[in-house]
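Both complexes shown next keep chain A, but they swap its partner, so chain B is in the first and chain C is in the second.
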Partner chain A sequence: MKHLAVAFGLSLSVLTSPAWALGAGDDDSERLARWKEIQTSIFGERKLEATEAMVKIDAPNRAMDASLVPITLTMPEKDKITGLHLVIDDNPSPYAAKFTFGPAADPGEIKLRVRVNNYTNIHAIAETKDGKLLETVKFVKASGGCSAPMGMTDEEAMKGMGEMRMKFAGDAAPGKPMEATLMIRHPNFSGMQMNQVTRDYTPARYITKVEVSRGSSNVFTLDGDISISSNPVIGFSFVPEGKEPIRVVAIDNQNGRWEHSFTAPAVSN
Partner chain B sequence: MRMSRTRREALFGGLCLCCLPTLGRAADAFAMEEIGPGIFMRRGIDGEATAENADAIANIGFIVGDEAVLVTESGGSHADGAWLRAEIVKRTAKPIRHVVLTHVHPDHCFGASAFAQDYPTFIGHHGLSAALDSRGEFYRGRLAEVLGAERAGTVVKPTMNVADTAEIDLGGRTLRLTAHGTAHTNCDLSMLDTRSGILFPADLLFVARIPSLDGSLVGWLKEVERLKGMGAAKAVPGHGPTLVDLAPALADLTRYLSVLRDGTREAISTDMPIEKAVQTVGRDEGDKWLLFDSYHGRNVTQAYKELEWE
Partner chain C sequence: MGFLSGRAARAIVAIAGSLLLMAAGPADSPVNVPEPDGLWTGPARGYTPATLQGATVLDLDSLDALIAKEKPVLLDVSLEDHRPKGFPENRPWLPTHRSLPGSVWMPGAGAAPLDPAAEAVLLARIAALTAGDRTRAVVAFCRPECWGSWNLGKRLVQQGYTNVFWFPEGIEGWQDRHPTVATKPDPDWEARPKPVRGEGAQR
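On to the complex of A and B.
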C-alpha cells in the first residue's frame, strides 16, 4: 500500500504493523498494546501518569464528519504546562500534534480539528514544568477521515494556500488571557486521498510546523502531521502583554513557507 | 455480519450521504409507478444502505420515447441497477440508449455497471469524471463492505460530458440536460422532459429526507433559483415522493438551506466554535426532515467550513 510508504514528519517508524487496518472490533487489550507501542516510540522510557484533572479532552463520541473532528483540550492548571501532545492511536500516523508553549502562551485551552480514520482512542499528554507527563484518553467513533476524498479537485483545494486569518475574542484587559483563532488555508493532503486523474494518491502535503510569536516571545510552536484537517483552524490563548503584532510562520513538508502578522487588540489602561 | 449498525454508518465516513436505519419501505415493497406518460419511477427508501436493501435509497427510474429508453438514475448498487434493468425489460423492448449519472454519490451511480451490456451513453456533468476519479474507489470499497463486491458494482465513468446544456432525443421526446454550478455536489446534472414538462433535479431537490450538503451551500441556493426558472410545475426529487409540486418543494428546501446559512453565519460572526454550532444551528428544522439527527450536524460542519472563509 503506497500510502504507508509516505514519510511523515512525526510518523512512527516503530509501528511496523498496519495499525490502521484494525479498528472497530479491537478489544481493550489490543488497544492498550497499541498505545504502549506508540507511547514508547514517542516518550521512550519516560513514565506517564493518568490524570483527569490536569488535561481533559472534549470531542464528539461519534464524529459527524470524520475528516473534521473538533477537539478541545483543557489544562486547568495552565501555569504548570509547557507542552501538549495529541495522539490518535488508530490513525495511520498516530502522532497528530505536538504543542510547545512559550512565555507568551496562556496554555489553558487548545482547539484544533483532526481527521479520524477509525474507531480509536485519542490520547492527550500534557507536559509540566517539573518534567511530568500527564495522560488522558477518550474513545471516538469515526471512520475514513484520513482517506476521505475532498469534495473538490486538488487544484481547488490548493487555492489560496498559505492565506491566514486570525480572530480575537473579546476586549483585551490586563491579566486576562486573550483568546485567538488562527485559520490557515492549506489542503493538508494526507497522502491517502486518491487522485485517479493521475491514477495515484495525491502526494502528502501538510503543515509540519506553525510558530506563533509576539515580538521576541514565543506563544506556541506546533509540530503537525497528516491527521490535522484541511484548512487548519487552531484556537489558543496568549497573555495580553506587549504591543507587537502576533506573527505566524507556517511551514509545510514541501518547502512551503508562509508568514503573516496580525494586530491584536491592545490593552487600554 | 459482525459489524454493528453503527459501524456501518461510520464506514461511509460521512461521505456517503445515504445511510441510516430503515424508516421507509422494505426492499420487497419496491414498485415501479408510472408517474407521467412513459415515465416510470421507484421510490427510494428513506434510510441507510444495508445488505438487505442494496442501497436502493434514491428515486430511480426510466423514460420511454418512441425509439429508445433513458435511465434517469442508475441505482445505488449493481444489484439495484440490475433490478431496475429487469423492470425496464418487463415493460418495453426498446433499447436502453442512455443512462444518466446525476452526480457522484454512490446511491445514484453504482447501478450503472448493470447497464454495461446495453452499451448505452452514460451521461454526466463535466465535473463527474474527475469526481469519480477521486471518490469512486473510496465509495466502492465502502459499499462492498456492506453489500459484498459483486453486488456493490464498479465505478462507471460518463461517456458523454455535459459542459453546460445538452439535449437527448428518445424519438419524439426531447430531454434537456443542465450542468449546474457547485451545489449539492460539484457535479449535479438536472434534466427536463419536454414532453411532460416534468423536471428531474436529482439531489438538487430533497423532499422529506434531510438534504445533504456536499458541495456549496451558497452555490446550492443559487442553483435553486435556476431550477425555478426552468418552467416546470412538477418534479421528481432525488429522494422522497416520486412526483411533487416543484414550487412548495423548493420552498421547503430553500427554507432549510437558508436557516443553515444564516444560522452558521451568525455562529461564525459571534465566534461560536464549530462544535457548538453543530449543536445549536438550525435545530428548529428537526421535526421537518427524516434522518435529521444523522445528517444535520454534518451539514452544519460543511456550512461552517465553507462560510468561515467568506
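On to the complex of A and C.
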C-alpha cells in the first residue's frame, strides 16, 4: 500500500484509519481518494485525525432496507464534543448530517436513519471544544436507497407533513441524561426518486434544519440533507435539569416550517 | 429499533420485509411476470420476467464462468443519479457509479422507446465493441428490478446477436462477491444527440 500513500499524499493518521481494513475486496485507493475529495469540500484544509476514542459508528454491515439504514453514533468523551458530522461517502450528496450541540445537550449518543445509495464507507467526524476533528469509518452494504420510491403517491407521502412526536425514556433524575426520540412526519423526498406512473422525478423536499431547545438553551441543531430517510427519527439526550418544555422547530427546503413543544419528565426534588 | 413505538416498529418490519422480498432477485419474484411481445415500455423499475427469449439468463456463478471462458462485452444500462432540481450549489454533489470492472456504462440505454438518433448511437457502439461480430458474447445488466437491461438484451436479440446474456441481479448481485470500480458514462453514448425534453422522462 506504500505506493498508494505516495500517490495520494497521505498523512500517517489517514493510513492508520480503519478504512483500510473495511470494504475489503473493493478498490480501497479509489474509495480513499473520494473520501479525500469529500473531506476537502466540507472541511477545507482542516486536518482530521482517525480515532475510535471520540466517536463510534454502529450500523448494520448489510442493511435490510437501503432507504432506512439505522445509524447510532456514540461519543464516549461526550463532555468534549461540540459537533458531529455524518458523511455517506458514495451517496451523490455525501454530507448527510451535521449536528451542533448546545448547552442543554448530552452529546453521548445520536441515532438517526439514513439512505445509502451504494456499498459505501460511512464517516462520522466529531468536533471537539479544542477545535479538533476526529473521524471514524464503517463500511455498509446497501444500495439504491436515495432513489427508492416510497411505495405510495406523493400526496399520501406528504399527508400530515410536519407532525411530530417525542418519546422520553425513563424518569428524570438529577445528573442523569434524559433520552428522547423525536419523530417528524415528512417524506424527505430526495429529488432522485422517480414517480413510477408519471416517470417524472418527485421534486426534492427535505428537512434542512431541526432546532431542538429548552427555554433559551439549545439542545442541538441538525443541518439535514436528502440522505436522511423519510419520516426522520432522531434519538438524542439532554441534561435533565430545567422545567420548560422541549421545543422543536423544523424547516424544509420549500419554506415549510413546523414548531412543536413537548413536556419532558421533570426531576422531582 | 428499540426507540420506536411498537406500531412504528411493526410497520418498519413489514416494509423492510416486503423490500427484502423485492431484493431477492427476479428469479424469486413473487409474481410471475410474462415476457412482453417486444420491448417493455412501462415503468423502468419493477419485477422483470424470469426469461428472455433468444438470450441466456445468467446468475452470478454462470456469469463468473462466462467471463473466465470468453471475456464477454459487459454493457451496463443503469440510470444515472438524478441531480435534484434546485439542489444547493454550495453543497457537494458528487455522484459516483460503481460497476463491474471492464464494463461499458451507457446510462438509460435500456429505455423504450429510444429516440432514433440515440438508438443508432447505441447500435453503432455495440457493433464497435463486438468488432462487428454478432456471435460475440454480450452481457446486459443494470440493477435488480430494472427493465433496462432486459430491454437491451431484447434489442440485441432483435438485431440478430446470437450470444446474448442477461444478468438480472446486476451490480448488486456482482458486488456480493466481487469488487466494483468507479465507472464514467461511455463518452460516445454521452455525445449522442439528445432531444430537448422536460425534466425526468427517459433519465
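Keep this in mind: the second predicted complex is superposed on the first by the 239 of 269 C-alpha atoms of A that agree within 3 Å, B and C clash if a C-alpha of one lies under 4 Å from a C-alpha of the other, contacts with A are read in each partner's own complex, and residues count from 1 in each chain.
In this text, contacts are C-beta pairs under 8 Å (C-beta built on N, C-alpha and C of every residue); 3 or more make two chains touch, one makes a residue touch a chain.
For clarity, every value in this text was computed on a predicted model and none was experimentally measured.
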Three-chain arrangement built on chain A, chain B and chain C clash or fit: clash
Touched partner set for A:Ile42, first chain B, second chain C, both or neither: second
First (chain B), second (chain C), both or neither touched by A:Pro60: first
Partner chain(s) touched by A:Ser213 [first = chain B, second = chain C, both, neither]: neither
Partner chain in contact with A:Thr128 - chain B first, chain C second, else both or neither: neither
Touched partner set for A:Tyr95, first chain B, second chain C, both or neither: second
First (chain B), second (chain C), both or neither touched by A:Arg185: first
Touching partner for A:Lys167 - first (chain B), second (chain C), both, neither: both
Chain B versus chain C as contact partner of A:Thr153, first or second or both or neither: first
Partner chain in contact with A:Gly144 - chain B first, chain C second, else both or neither: both
Where chain B runs into chain C (options 22-30, 76-84, 94-102 or 166-174): 76-84
Common interface positions of chain A, toward chain B and toward chain C: 25, 64-65, 68, 70, 111, 119, 141, 143-144, 147, 149, 151, 167, 169, 181, 183, 194, 196-197, 233, 235
Residue ranges of chain C in contact with chain A within the complex: 1, 3-5, 8, 12, 15-16, 19-20, 43-46, 79, 81-87, 91-96, 98, 143, 171-172, 175, 178-182, 198-201, 203
Footprint of chain B on chain A - complex, ascending: 24-25, 58, 60, 62-68, 70, 72, 111, 113, 119, 141-145, 147-153, 165, 167, 169, 181, 183, 185, 193-197, 231, 233, 235
Interface residues, chain A side, partner chain C - complex: 25-27, 30, 34, 37-38, 41-42, 64-65, 68, 70, 90, 92-95, 111, 117-119, 141, 143-144, 146-147, 149, 151, 167, 169, 179, 181, 183, 190-192, 194, 196-201, 203-204, 225-226, 233, 235, 253
List of chain B residues in touch with chain A within their complex: 2-4, 6-7, 10-15, 130, 132-138, 142, 185-186, 214-215, 271, 273-275, 278, 297-298, 300-302, 305, 308-309
